[in-house]
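Same chain, two partners: chain A is paired with chain B first, then with chain C.
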Partner chain A sequence: MRYTVPEFEVERNLQRCISCGACVRQCSYGVHYFDDDGKTVLADESKCVACHRCATICPTHAIKIKAFEMAYKTHFNWTPQAQQEILKQAETGGVLLSGMSNNKPYPIYWDKILLNASQVTNPSIDPLREPMEIRTFLGRKPKKLTFSADGSLATRLEPQVQLETPIMFSAMSFGSISINAQKSLAMAAKELGTLFNTGEGGLHPALRDFRDYAVVQVASGRFGVHKAYLEGSRFIEIKIGQGAKPGIGGHLPGEKVTVEVSNARMIPEGSDAISPAPHHDIYSIEDLRQLIWSLKEATQYKKPVAVKIAAVHNCSAIVSGVARAGADIIVMDGFRGGTGAAPTRIRDNVGIPIELALAAVDQRLRDESIRNTVSLVAAGSFRNSADVVKAIALGADAVYVASAPLIAMGCHMCQQCHTGKCNWGIATQRPELVKRLNPEIMSQRVVNLIGAWNHEIKEMLGGMGLNSLDSLRGNRLMLRGIGLNDRELEILGIAHAGQ
Partner chain B sequence: MLQREGQVRIPSGCAIAAVTDRSGARFSGMDIIDCIALMHDRSNGLGGGFAAYGIYPEYRDLFAFHIFYDDNDARIKTEEFLFRHFDIETFEQIPTRKVKSIHQAPLIWRYFGVVPQSKIKKNDFDEEEYTARCVIRINNSIPGAFVFSSGKNMGAFKAVGYPEDVGEYYMLDEYKAHTWTAHGRFPTNTPGWWGGAHPFTLLDWSIVHNGEISSYDANRRYIEQFGYKCNLQTDTEVITYLFDLLVRRQGLTLETAAKILAAPEWDAIDRMPEAEREIYTALRVVYASALINGPFSILVGSKHGLLALNDRLKLRSLITAEKGTKTFFASEESAIRVICPEPEKIMAVEGGTPIFIPFAEVQD
Partner chain C sequence: MKKVIAREEWCLNCRLCEVYCRTAHSVSGDVVRAHLREDPTPVSRITVEGDNLDSVAVNCRHCDEPACVAACITGAMQKDPETGIVTCDESRCIGCMTCLAVCPYGCIKTGKAAVKCDLCQGTGEPACVKNCPNRALVYVEVGGAAK
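Right after this comes the complex of A and B.
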């Protein structure tokens, strides 16, 4: 016998339902089914994950997904969720798994930071009349430039990555997401003048034309890493950690390793793809240095090398070390960052918010006078353009987004990516589901989204009296905290509203 | 209690002006006083000041320190420091005239000295770096003392008051310089601290500035990585340090520095021929945090010459005119015409386009 009740309730309005069966055909979780009469549509609600695919597609809007309401005797400690998780583990004996990102109500500092605007003493700038520059360069920079006697540049700049927006698409491997989802991001990146990231999944042959817009990852499993993969990229990213699951590796189950995935990752079909928790050739900072320089050497010093770490307690010291180890770009992923699959306990309890990590790291690198030599990229949940603006004012050069473009493609945050049954064709390898996602249409939706954010960023910049994002980077005077205590303000390096 | 510069960031509007003679001929401060006086309504009596180049030809190779003291205690401590770190040739109280509107004056002294050779040999830097560090040390660590001028053969004069009264107070009609700059201040707060008046100086750099920069904190946090401390929290201070870093310490030309602070737009850079595009792209990439954003017009004096620069969108007025060997700059055209009624050429300084007038050998 089961000890749990369903999480959701499917409410079907029978006056509206025309028994067309769209919901039955669409639901990969097997919730909807025809009764024996072949006409009446029924639902097995225990399988529902609230992905809303049926409700969205239903031509007569006959379906509503509701919470399955149950009264529990009030207990603030033993919440219904706490009880249900125990029951699940008692049934299965397994580690609880989740997709997407930390869903606990920790403080979201973006919502406790306010932006400034110009009044009287300096004018706001109208983005419709004046150029608004959001072009962004990532890469290692010298502290000064020198010129020859004839006026030509004597300093040789290390390779720089030019972006037309400070927003890039974060790592999502082919395997964790479908080829159509990845292709949508690649196409959008090309149109927007930014980059997508292969994750640790190798580069699918269908994306060969988008190599100039690809960040290729080298992670602990080293899947799909070869010379052409490295050389084809815009930059290389060594993945040490991920915000959603700091300290642990990854596991793509064998059933998801299709022929295509096996080719891209260079592993046998049907075998589990296990990324170990650490890189087994990196047991300390000096080992990381060797990998950074090996990758530079392998690509004739033409590609910047980034290092991605999860935001953890001592990230300031770690980032300082990584910068000195030779990384050109450092990516920090906060604990609200997404994932295809993570143990729930890790996802919800390990790591720190990107806002605090970013502020602390930016200040630390400045205290050491090396902030301007490396680029800092923040990741770990940017929900809108205001979050991006605040991150840049705290000190980020650019940000990575992943959940936002996935939502643009249909993701409804049901957090079931790890099951591989994504009804929206995003986090799945099942051909019948993958084909639901049309890259031509989806890339346009992503372009629309980031294009809209770019417009909003320009509006906010103009309001602050700035016409270049360069003047917002690290400009914390543009930020004020609201409802934050002194210690939080001190870490963020901002004053309180009203000051 | 109201806070003074350094404890709080005080934005201010202003009037600025400059007159320079390319030939190096020196003239009294009367013209610059008349010029800035005409723009009386652009300041509010809470700060005025002047910088003059070529005023101390008899001590041209000596650093001239102008210092405010709150009291004699601060003076004794500072002098002890100065005499230990420099060979001071002569020193005196800066002569002033009684002016009704100028009050609560601090003690105002000046010192002329050289850096002892032994100090240069002992340290790994030149006499300018040594002197700059000493000035910053006094301003940071001796309470009640503030070095407001530290260049050679130049000097700043400033006070709380209208600039024309400040000029009279310091008897600038009795000095002769080949280049004068002036500043009238309209702070949106009332600190009433003499050190907070402009020009701001470091070594032979002097800057008068009109506007409020929106990029302040980005610029401040950038420059502080190079060892500068923006204690006054003013735009002028951070701009001075940017010039000092780029030109004195990194060896770029003043014009290149101007192209970093008021960088060409990417649209323009993308259209440039390849060689030029490479240079401007590199400048913007490497010095992105030195870009000054928001409205500003500045007049920068230094041993190299006088530089005028407007923000790249031209959000602040700045007019220039020429007659004979003289060049004039002012926030308003009328202020130029009051001292030069019929200039040969008069025009607005273009946004982001620096005008540089190199100094000739000074005529004694």
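Right after this comes the complex of A and C.
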């Protein structure tokens, strides 16, 4: 006997169902099936994950996915979910796994921060009529600029990465997502003038043409890292931690290590790809410094080297150390960052919000007069352009997004990435599912999304009377908190609304 | 002329092309009524062959030299010299189904008469293409004269 009850219920409107069977053929979880008559469509609801593929593809909108309503004796502490999780563990004896990101109701500070706008004393700007600059440069900046007598720049600039928008696509490896999903992001990055990130999965041969738009990751498993991989990139990112699962490594099960994945990662087919929790050659800032400079040496000092860490309790001190170790770009991933698979307890309980981490780190680096030595990239759930604008004002140079473009490609947040059965062709390696995601269509949808955000960012900048994103970077006077206590305001470095 | 080209690498085996073909060739033009109320149920001119891993939508190629037209004993099957579209005049068809036997692609279906793709009467993008969720069907200009 199974002690768990289904989470969802499939409601089929029989007045509209035409028995075309699209739902039967499209559900990789095996929920829908034909009765013996070949016409009546039935459903095994216990398998439903609410990915909505069936409801979306149904030509007559006959399918509705509802919550399986089960009355429990009310108990504030022992919620139905808490009970279900215990039942699952009692059944399997295993660690609870989840995909996507922290879904506990912790405060979302973006929603407690308000933006400013110009009135009377400084004019607002209409971005449709006047120039508006959102171009972004990442990399180490000089302390000051010096010019020679003829007016030319005398200061030697460190390598810079030019982006046409402050929004980049975060690391998602080939393995965790399909080649078609990764290619969609690569094509979109090229069209938008921004970058995608290979994650720790190596570079698939099909993406060689997009190398100029790739951030390549060097993580604890060192999968797929070789000289051409490093040299082909726009910048290199050393991954120390990930917001969704700080302190733990990664595990791509052998069944997902197909021939193609094995080639890209340079590991045997079918073997588990295990990324250890720490880099086994990094046990101090000094060790990290060695890796940073090794990578710079390997690429003739032509590329910035980034270090990505998860936002954790003492990240200001850590980032200060990383900056001093020679990183040109520091990425911080908040606890709402996404993942292809993480233990649920880690996902939901470890790390801190990116809003607080970003504000604290930016302030610390300024206090130590080393803010110019690194660019700060914030990651860990940007749901819309307003979140991005607020992050820039808190001190970010750019942001990474991943969940948002995945949603643009069809993701419905069912959080089953770890099962590899993604019906949308995103988090899967099964060929019959991968082919469901056509990069021709999906890259355009991602371009539309980020293009729309760019427009909105320009509108918000214009409203604040600014004509360039650089005028907003770290400009916390443009922000006010609402419903926040003094300590939160102090950490965020902003005044309360009305002040 | 413009033809419907199937790109099997993107075919999902969802078979929505069949659903919308039936609807486009129904009396009501409504997807639910076409399938549940109309008698006879309209025939889909396009058929998806295969399974979820390998599938492809097969329909009329509107050949330059159509075997079905050559074989038709009543002159019901004609290739329009202007548009290049091969259609069956169902009022002249006697249902001998010689066309079905000679079509190298198996694209003639049986209803009361021989039934086949008419590219939605040349009214722009055919319904199968318009409703394909993954662009596995595209309506593009290909070589081959419309005569």
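In the analysis below, the second predicted complex is superposed on the first by the 496 of 499 C-alpha atoms of A that agree within 3 Å, B and C clash if a C-alpha of one lies under 4 Å from a C-alpha of the other, contacts with A are read in each partner's own complex, and residues count from 1 in each chain.
Here, a residue touches a chain if its C-beta (ideal position, glycine included) is under 8 Å from a C-beta of that chain, and two chains touch if they have at least 3 such contacts.
Everything numeric in this text was worked out from a predicted model, so none of it was measured.
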Partner touching more residues of chain A, whether chain B or chain C
B
Just to be sure I read the superposition right, which of the two partners does A:K435 touch: chain B = first, chain C = second, or both, or neither?
second
May I ask you to decide whether A:P59 touches chain B, chain C, both, or neither, giving the answer as first, second, both or neither?
second
Given the touch rule stated above, what does A:S152 touch, chain B (first), chain C (second), both, or neither?
first
For A:R371, is the partner it touches chain B (first), chain C (second), both, or none of the two (neither)?
first
Return first, second, both or neither, reflecting whether A:G21 touches chain B, chain C, both chains, or no partner chain.
second
According to the stated criteria, A:G474 is in contact with first (chain B), second (chain C), both, or neither; which is it?
first
Interface with chain C, chain A side, in the complex: residues 15-16, 18-22, 25-26, 57, 59-60, 431-432, 435-436, 438, 440-441
Where on chain B does chain A make contact in their complex?
9, 11-13, 188, 211-219, 221-222, 224-227, 250-252, 256, 265-267, 275, 278-279, 282-289, 291-295, 313, 315
Chain C to chain A touching residues, read off their complex
9-16, 18-20, 31-32, 35-36, 51-53, 131, 133-136
Note which residues of chain A are touching chain B in the complex, please.
118, 121-123, 125, 130-131, 133, 135, 137, 141-142, 144-147, 151-153, 155, 157, 160, 366, 369-372, 464-468, 470-478
